[in-house]
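Structures for review follow.
Look for chain A in each of the two complexes below; its partner is chain B in the first and chain C in the second.
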Partner chain A sequence: MYSGIVKRLMDDNDLKIGDYVRFKSNKFEIEGKIIQNSEFTKENIIILKYENGYNLGLDVTGLMVEKIKRADEAETESEAKAEISINKDLPKISIIYTGGTIGSKVDYRTGGVYMLLKPEELLSSVPELSNIADIKPRQLFSVASEDMTFHEWRAIAKAITEEINNGSRGIVITIGTDTMHYISAALSFMVQNLNVPVVLTGSQRSSDRGSSDAFMNLICSAQIAAKSNVNEVGICMHKSSSDDACIFIRGTKARKMNTSRRDAFRPINDLPIAEVKMDGEINYTNDYINKPSGKLELKDGFEEKVALIKVFPNSDPDIINYYVKKGYKGIIIEGTGLGHTPVSGDPEKSYLKNIKSAVDSGVIIGMTSQCIYGRVNSKVYTNLRLLSEAGVIYCEDMTPETAYVKLAWLLGNYSSEDAKRLLNQNMVGEIRNRTLYDEFLI
Partner chain B sequence: MYSGIVKRLMDDNDLKIGDYVRFKSNKFEIEGKIIQNSEFTKENIIILKYENGYNLGLDVTGLMVEKIKRADEAETESEAKAEISINKDLPKISIIYTGGTIGSKVDYRTGGVYMLLKPEELLSSVPELSNIADIKPRQLFSVASEDMTFHEWRAIAKAITEEINNGSRGIVITIGTDTMHYISAALSFMVQNLNVPVVLTGSQRSSDRGSSDAFMNLICSAQIAAKSNVNEVGICMHKSSSDDACIFIRGTKARKMNTSRRDAFRPINDLPIAEVKMDGEINYTNDYINKPSGKLELKDGFEEKVALIKVFPNSDPDIINYYVKKGYKGIIIEGTGLGHTPVSGDPEKSYLKNIKSAVDSGVIIGMTSQCIYGRVNSKVYTNLRLLSEAGVIYCEDMTPETAYVKLAWLLGNYSSEDAKRLLNQNMVGEIRNRTLYDEFLI
Partner chain C sequence: MMNEEYCKSIGFMCGLEIHQRIDSKEKLFCNCSTHSISDDEVPVGSVYRYQRAVSGETGKIDIAAKIEEQKKKRYVYNIFKNNSCLVDIDEEPPHDMNREALQTALEIASSFNMIIFNELEPMRKEVVDGSNTSAFQRTTMLGLNGYITVNNHKVNITSMMIEEESAGIVSNSENTSIYNTDRLGIPLVEIDTDPYIRTPSEAKDVALYIGTLLRITGKVQRGIGTIRQDVNVSIKGGSRVEIKGFQDLANMDKYIENEVIRQQNLLKIKEELQQRNFIFKFGEIIDLSPIFKNTKSSLISKALSKNEVILGVKISSFKDYLGKEVNPNRRLGSEVSDYAKLAGVNGIIHADEDLIGKYHFSDDEIKNIKTALSIDDKDSFIIVAAEKQKAENAINFAISRIRNLSKLIPLETRATYDSNLFTTRFMRPIAGGSRMYPETDSKPILITDEMKQEAELMKPNLESAINELRDAIKDETMVKKLLLSPKYQLYKEISASIEIDKKMIADILMQKFTEMRREGIDVDSINDTTIKYAFELYKDGELTKKGIVQLLKIISKESKDADKAELSKIISNNKLKKLNKEELLKIVKEFKEKDEKNILSAIMKDYNIVVEADELKELIDTNKDIKFTN
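Then we have the complex of A and B:
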């Protein structure tokens, strides 16, 4: 139920749930049907459902409102089709669809059934896009991000270079959110000397939920792709739970930190590169690469035999031997604290011997922290020094996910010796020299 | 270097690094040597080193300062010994030492060498404790928390019940921080019908660092143990990076979220139970158990053969078979998003078949999310429903760490059938029915 300022506005204007209304400021007009808010909606936000099925959370502060149709009439009208107008004078960008929630919609006739949206359909359902850029939609495939493997990652990287070579000055990629941060890290490494912005986006809520984020995420992503000079791969999703702005996060420093919130994607040990609003206002909040240092190049090798292991109390260190016996070339450990495994307690639980023998047999072992935030350090405690002396490479402030992607990529494109040397050296912004005070839990 | 208000105060009073000073308010007096601040120190904080070696970050706002000795004189004086005074009229609490950074100190004569502090020594180095409670120190062992196994967890649980049976009205346990949240969850399950507060604490910085948190964490923990009626196990550590207050976090809802910050421990999908200040002011910010529903009882079984697995893109689902072949009884999966594994893509990468056959052979498989924040959900997408239909138990809003501890504990004390039934039912506060808006990234 609405309360506070929204309730007063509805009472003052004799508005009910289901009414079709027009909100106006001196900058924009928005029409839609008032729908129920959710438990997460802030007091100043009203939820509007567009004719195309998308929902928008709108801050009513300072807006004028006008009733267009009463609930009953509105319900019986058939939906008006939005027209796509193409303006060839606008910057040329590509939108690559790969699947995920953002490519789904509810079929309101059959109820609850998800159907794949065709690129043209998604484009026509967000007509605002055609005011931002000359958009070329392209459907690559339709795979949930949790089902994607290196195979799909390679196809996306290849599509990026093709679109750039065909003249796009920016790329938006819609993708399932589950592993979006793994993929953004992978693309950051795979597409070398990127010379356009590559923006990954998606949605946390399908359009039948209280308020879908798909609409605003797409618009903000298109703004970055069309207007910014950030020649990096990044993720553009909601800044907060309200619809005030999106943030653009460096692809190697992002992480999905919530199962369901619209502001689930957060920068880890980094600040967002930029904040972007739907009207195209971009505020840069971090450094970024705006000139590639060489020629665009695809380096898309990946070593299949790399694992990510989480260490936990009372765990059996035989897991290291298991992967070595299977012929694994690299293992990223998600250790505790500054980068620990059990080392000095019960000998049967100590990882030290197995790690030593893995390293001696040529397996690269990298250490990250399950704390997620902060930096591993091989020097503070004796147990850490023992692991470091055994040959474990401490991966600085990389997330476990980015370290896993990086090691698989390094081993797919470089010699084992070079992979070992490069793992804890910064290549594309994945390692920052210094952690800032403000980078925790933002 | 100090700046802002601290620099002005030092200039106005002709103070330099190394000077021995006394700060006064109408509530307290603190004496110590001014030492260098760190990159993380806020502008209004001055760092004082006590004679006993502990450092304190002090907010100078509104304080009066008096110079006692110039730097040179102070350096040459020998240290005064703090006296322990025991007041039998105060509440009786036990402090159990188990190891970790808080039990270490730097030997200033040899430099950089860590020595174990004896309980009496730690007590005498924080003389304020004896004004809060009649304290019984007890050293259990000295093991780094990353090296602790179920064996040490059992010894701690046993010591808790012994101290309670000997008349303690609260227990403080000092422990290494790396796996403190696993242990706090374990103790929450093991000590049934707790009738006193059990407070786990530790320190993120040893006393040779810019500012150690050991001193304040101990004092605040003692305040909770001596004065509160929270009959739960919790973690009491810094609320923020400054020394304003500590938070007391429910033992099953806590997580170490930073490798090195003093405010590393955060509540996950929950609010802190309380905020506590050094002067004993306790503000309750959540519900808590204040009356046990039965008789104090130790239930300290643990099944050794339980694993915690993190799922990642392109991973080999054979890991499930590996644990099944080793005779594992339970597996907690740290899935992506709402609780996914690869399911519908490349058949060689799908976990579904292996999970089905594991469940059919009697292995309990629980699902959590590597997002950490939020709640898993088996209903939103087809892939989730497939896993759920295969028998995967969705663990609601539990962290992967708490779910692992709970499953190992359930299988150590209950039938497999009961364990399966209880895994996603709340027992001691580890599952909350509803996630509040404010519980993200706090």
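Then we have the complex of A and C:
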């Protein structure tokens, strides 16, 4: 938004975004259309779109301005009419849209990046989808994944069960990538006895660019939702940097491992469930649940007072007390190596006393590793044994994020004792009792 | 040649778009090297991608973009250790714009007297031919409304951009294009002129002027492909056509003239069709494959063996049109064929071609084609051999081009085609305005007054550069050559810092260097500073002019980076040291004693490397009367 001198100039001359204007000085005249500035634009600068399509920034100080004509009304209308052809003979799937890069585009009128409001717009840009399934799009909200809370997670879980109950044989959820692996873990726990594939997907390059990974990710996700009998929640994104295939990763075993690459999502301590190509070829590379063991059920309680903390050299163990004092019921620690915190050195830096008193006061403390790969162990070193004896629960091969989600979910739906007991027991595939050689760095 | 009067009469319009790579150390939006890879460098890896057209700013999908997408090509990108990173393969957002490149661009803009903006807004220009991994090119307009004066005519530089170079194509087949990403992202400036260049030959002059101006900055890359000139041409009643791919400027005017002629011929066809009230009628697309079961046409049998089909379509009452020549050795059929190629086919066969001679069709086959398509004497037809869907697309592209013949001359981007006949071929429809949108991954760039002042101070000035050189070396041909030469910067440096005859400097850097290159001496690999030292030693009286050349020959082998002391050593070791007056007098004396008739030439014969002839002559003249006796 414009402010200061530019805003005054616009107000004084009754100018709005989209109006065509002429700026004059004693040296030059420039005509163009006023467009929205970005948050980085300096205060006295107005952005014009020139006739050749380029934008330019002019310092308005000392310039004369004339209005040439008002904004084109037609231009302010939303564009790209969605046309989705529906083939009722194809498998019925739902695409639930929640926001994120995959659903964002540039608003050309204003120049900013906005969330797509209509899921149809996304579908119309990927016409292949209508050959894969009879697609029912549904927009839930448009929230960036880093802004999502338990509230949004619940809404997504509820939407999943509704769509299944309405006859969908698979669900695709488009979502922001930043916290996708937290959400995929959460949904894995929340939707009990899942009887269809639930596929989370997103993109690392926005779908308004021709090179976006959104197109292939969506197509492959729809293939899994329409064709596979994996009754689990998973993430389907690029397998490599090439547009070769996507991998479908178990929801509790996935992690975003790169800030920007399209193959950022990797399975951790697990193999991908499947590899899928755009043409619908699905190769299963791991075991998976193909039959629900009971009735579809939503268990969507979450305990707000659960923290995920990271220990680091010279860190202050007082952080434990801080959370205990705030009434936290659970803490997942991202420890070093096999699951350490400082214990035996400088007493000021030892976590042991604080952990012990937290556990004694009823707080559940789970241990994971900042190594990310591998399994924690409570026995190999003395320091580990000390922590274990203090009551820390070693969370096996769970990622810190999954352990955090699981503990919050357990405390939201079970008694404290059950939660403590279940934290390191496998429930939906989040813990695997064998660590395989070929799972590392894939 | 088309003169100004003639051009005016046909409504000739012509403008240039010049792209020049800037010689910054790093790329425009990442920190990869801009140095070219060696020919045998092996990529550290490669990725492949597909691209698709997305709605542009106006919500419309650009036609050029859509056509590329229809080809459904796989683009392979080779990645090189020092020259490409995640930014180049569209896996990381861009870094900040390279300041060195920006400053050079601002200097160039200053030299055109442009209005430089206060804040630059990086944009994305959609490109889905695979040449950009991101499917767009980052491009930023720097300024507007500059000018140059060529042939006493003011040519406006309407706008100037700083943008990314595209990836270099390695190979291109029907389904896959392979690109190297080393070139991708190297900074370029784009310089656009107004469309009022008056004649084809003036276009050449303007291009040469701008090219020379860019080179004298010393901050642009040199060599093949580092500068590209695109020409926009139209005539009254015609359409804007952009021609790309000039290898050099020498024949630019001839290509432009041919484009004028092509548009004139298309206009004639259009007018004739309109006079006939011609309405295009096309038959059904028919599969002619069965006709060619036992064909002797290798083109057809090869296609059939690959399970491809032979499709044909009738064009009613259109006989002889496709055979009309629109440019030297380019028929209307070739124009239509170029459109069909958009579908990824090799071309079309049409009725006005020599079907028997060129394609080895039999009389029966021709008869059967005519029957199958119900062709009578006035009708024409086209045939395409390809995989079914592609063949259909190709015919539809061809039909759409033919339909336009009675309406308009299409806006096209064309490429140079025949470098002997100076003809062009259709590449793609001209890109529409819907290809621009803001680059939201990068911040706007504030241009401070200090940056503008620095640019103003450092800007190249061609007129004053030419005048200076004229005064100094008084040789018009040499002035032009030197300005365009990669040695110009070195010349400037040496002539500014060492007080010696400037013509001599130019002569060595230009003429003598050329001679040495011809002898196979790698004189260009000698360090500029070392060359400068050689001239300093000349000034110090250690070397003659010939001695400089001799020294350079020696050091080009192993002492390319020698410092001054090393050079002195090489001079004495190789007996290149210029003789001083005493030594020279002594020799003169010796020769006089030998009773040489022409002492000058006799001495020069033996001592030409270490003696300057004019100095010797002067010495002899001033010492004429001295008797040399024991």
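The criterion applied here is as follows: the second predicted complex is superposed on the first by the 345 of 442 C-alpha atoms of A that agree within 3 Å, B and C clash if a C-alpha of one lies under 4 Å from a C-alpha of the other, contacts with A are read in each partner's own complex, and residues count from 1 in each chain.
Keep this in mind: a contact is a pair of C-beta atoms (placed from the backbone, for glycine too) under 8 Å apart; a residue touches a chain by one contact, two chains touch by 3 or more.
Everything numeric in this text was worked out from a predicted model, so none of it was measured.
Novice: Who contacts more of chain A, chain B or chain C?
Specialist: B
Novice: Identify the partner contact of A:30: answer first if only chain B is touched, second if only chain C is, both if each is, neither if none is.
Specialist: Only chain C; A:30 stays clear of chain B.
Novice: Pick one for A:241: touches chain B only (first), chain C only (second), both, or neither.
Specialist: The answer is both, since A:241 touches chain B and chain C.
Novice: One more residue to check, A:260. First (chain B), second (chain C), both or neither?
Specialist: both
Novice: Pick one for A:308: touches chain B only (first), chain C only (second), both, or neither.
Specialist: first
Novice: After the superposition on A, what does A:59 contact: first (chain B), second (chain C), both or neither?
Specialist: Second partner only, chain C.
Novice: Touch test for A:45: chain B only (first), chain C only (second), both, or neither?
Specialist: In the superposition, A:45 contacts chain C only.
Novice: Regarding the shared-chain residue A:415, is it in contact with chain B (first), chain C (second), both, or neither?
Specialist: Neither partner.
Novice: Check the residue A:87 against both partner chains and state whether it touches chain B (first), chain C (second), both, or neither.
Specialist: In the superposition, A:87 touches no partner, neither chain B nor chain C.
Novice: Where on chain A do the contacts with chain B and the contacts with chain C coincide?
Specialist: Dual-contact residues (chain A): 40, 241, 259-261.
Novice: Would you tell me which residues of chain C are touching chain A in their complex?
Specialist: Listed in rising order, the residues of chain C that touch chain A are 47-59, 65, 69, 86, 89-93, 115, 117-121, 123-124, 126, 128, 133-136, 139-141, 144-145, 159, 161, 433, 435-438, 440, 443-444, 446.
Novice: Hey, which residues of chain A end up touching chain C in the complex?
Specialist: These residues of chain A touch chain C: 27-28, 30, 38, 40-42, 45, 47, 50, 52-59, 75, 79-80, 106, 108, 111-113, 125, 204-205, 207-212, 215-216, 240-244, 259-262.
Novice: Residue numbers of chain B touching chain A in their complex, please.
Specialist: Residues of chain B touching chain A: 39-40, 143-153, 177-179, 182-183, 241, 256-261, 263-264, 266, 302, 304, 307-310, 312-316, 318, 322, 326, 334-346, 349-350, 369, 371-377, 381, 383, 400-401, 404, 408, 437, 440-442.
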